[in-house]
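Naming follows writing order (A, B, C and D), and every chain is counted from residue 1.
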Amino acid sequence: MLHRLPTPEGLGYLKRMNIRTTSLGCTRNGRAILSGISFDLADGTCLVLRGSNGVGKTTLLKTLAGLLPLQQGSLQIDRDQVAYAGHLDAVKAQLTVEENLQFWAGIYGTGDIRTVLKKLDLSALADRPAHALSAGQKRRLGLARLLVSKRSIWLLDEPTASLDSQSTALVARVISDHCAAGGTAILSTHLELPIRKVLTLDLGKFTSKSADSEPDPFLDEAFA
Amino acid sequence: MIALFKRDIMLAFRSGGGFGLALSFFLIVVMFVPFGVGADLALLAIIAPGILWIGALLACLLSLDRIFQLDFEDGTLDVLATSPLPGEAITGAKAAAHWVTTGLPLTLAAAPLGYLLNLPSEAYFWLVASLLTGTPALSFIGSFGAAITVGVKRGGLLLSLLVLPLYIPTLIFGAQTVTRAATGQDPLSTWAMMTGLSLFAVAAMPLAAALALRVNLR
Amino acid sequence: MSVWKYANPAKFMSLSGRVLPVLTVLSGAFLLVGLVWGFFFTPDDYKQGSTVKIIFLHVPSAFLAINIWIMMLVTSLIWFIRRHHVSALAAKAAAPIGITMTLIALFTGAIWGKPMWGTYWAWDPRLTSFMILFVFYLGYMALWTAIEDRDTAADLTSILCMVGSVFALLSRYAVNFWNQGLHQGASLSVDAETHVDNAFYLPLLVCIAGFVLLFVSLVLLRTRTEIRLRRLSALQVRGSAT
Amino acid sequence: MTPDLGKYADAVLSAYGISVLLLAGLIWLSLTQSARARKKLAEEEKRHRKNG
């Protein structure tokens, strides 16, 4: 059962398929929770993962990022283009905003962080230690890391959690701009974000039944 | 890789804890030995090489859990694992930074502390030489232990239990080098063996640590 | 027909269930014969007197202490490369047996040492190596109990076992070196077993066979326990899912 | 019955005593663990079969 998502208008056939999954299955703590996920995602699109808590949004994102091993199906994704942001900020409290970004620029081998700071309204805060930032400012710093990475596939786990409406709008704008520039984003959120060209995937439909889960050798047959 | 190395050193200086703590601990251990065994200078001269090596080893052990734990807790390791850096580069850079912030200062502090324990004058050069090439082994082997226990809550004690047995050969060769120098024997062969061991640890442990880290990030 | 099919838990359970009673009886018989023979019907050594009878405990336990670690290394490798669950569980099951054997070797060695060397404990290279082996077992077992997730625990303990083996070997060489450095012309080495009289040789072989059989029976029993526990938790997970 | 162990009787007997004690402890532990696992699993299997 292949759930091919409709290609958004304005993207021709020549557009490269950035991410392709075929009947993907994920396990968490050795227990199959998702199966049969198939989608194609073209450049310039944003995919929002929906579903109740515990349905496996984080697990799917981690599998896409390569942090969890692929359990079933096939996955085509350019790992050299993946920038992952988990629900933790990965911000060092002892370093300033600028030092935090400078570090990630060094890791990703990209240079200029000034334009990124400006774009996210962080220039004024550049010398402030990260422990003095508010939750919204920290999240902006996390987004700045994605921009600094200069990578095209963003995998975002709850980027809007614990943010006020203003910060949420900023997150949506940054993601929108990224997709408009040809990038791809897959994110999980409970909110309706004002992003153009957005597709939605309800993970509730792919909850694994134990029948089609990975066979557990310890459940094979009864033994005395 | 250099960025990670630099940042770890910067963090060690910033947070204060890791850097000064190891040195203070080393000083206190050395200070406690005369309290325990008496102030007989002749006796102290005999046990000084062992005390200095064990003190340095324990001081090194103190800060091992910081190598990965903090980055694990705030999600940095997840992001690093998806970055262009290979796993071995992450563990290698972090172990190297640990050495610069603990092994190196301990090496420098060892000579004056040796004087407190009446270490014979012939042994100072070899004390510094053995610690200089031996403490990298402590940091790199320790980083492997830290990578294994990173997912364990309050894993400090477990970390010591796992890492200390792995330190045995380094300790034996290191302390033996200084003892030989102090008693007028040739320390070069033991020093060479310890340095070889250290090189092996620097080359191989990042691989093992990266393997363990990968498992723990799942 | 591949030998790997016995790595399937159900197959392993049925096979081991059939073999275990036989092995248990065999190991009991061998141990009884070997130890009774050794204890009651061997002459005293002209030099060591009756203490030579300790050999029937010391040598087999020392032999197993080392070989159980090697068996754990092999099963760890199999788990790591082929991911057979039974293999990882067998390594976990073997560790407590290994540590018991190490303890027996240490105690009997120390008791033997008292009349021979005049002290229970000397930092003889062999005794010291066993002390080191003991802490390696301790660390390995502590890691198994510390980690909740079973596959993660299996992965990490097998990595530890592999790295630990390298360093255990290095420690052995370092200890040999260190001891020579301290006591020139060491007179305290336990090399009695290298030239064993025929009167002791046969009962010793029986004892070694008995210890090995006992180990195999125990490791099967304990692996079966681990497999049952594993199935128990798998059933519980499935039960809570539905 | 007991052989004459001479002046080393203490050493030999304690060596055998400690070894037998340790082995017995290990066997006892393995058996109780086995019995407990067997019982728990049997209960769970029964519950599982009842529920379908």
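Please note the rule applied: a contact is a pair of C-beta atoms (placed from the backbone, for glycine too) under 8 Å apart; a residue touches a chain by one contact, two chains touch by 3 or more.
Since this is a predicted model, take the numbers as computed values, not measurements.
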Number of steps on the shortest touching-chain route linking chain C and chain D: 1
Geometric centre: closest chain by C-alpha means: B
Distance from chain D to chain B - Cα centre to Cα centre, in angstrom: 42
Approximate Å spacing (C-alpha centroids) for the pair chain A, chain D: 53
Interchain centroid distance [CA atoms averaged], chain B/chain C, Å: 31
Residues within chain C bordering two or more other chains: 231, 235, 238, 242
Per-residue overlap in chain B, given as positions that touch at least 2 other chains: 218
Chain D, residues touching no fewer than two other chains: 45
Pairs of chains found to touch, sorted by chain label: A-B, A-C, B-C, C-D
Contact footprint of chain B on chain C as seen in their complex: 132, 135-136, 138-139, 142-143, 146-147, 152, 155-156, 159-160, 162-164, 167-168, 170-171, 173-175, 177-178, 181
Complex contact set, residues of chain A against chain B: 65-69, 79-80, 82-92, 94-95, 99, 102-109, 145, 149
Chain A-touching residues of chain C, taken from the complex the two chains share: 8-10, 13-14, 17, 85, 149-151, 227, 230-231, 234-235, 237-238, 241-242
Sites on chain B touched by chain C in the complex: 141, 144, 148-149, 151-152, 155, 158, 161-162, 164-166, 168-169, 172-173, 176, 179-180, 190, 193, 197, 205, 208, 211-212, 215-216, 218
Of chain B, residues touching chain A in the complex: 2-4, 6-7, 10-11, 14-15, 73-76, 78-85, 217-218
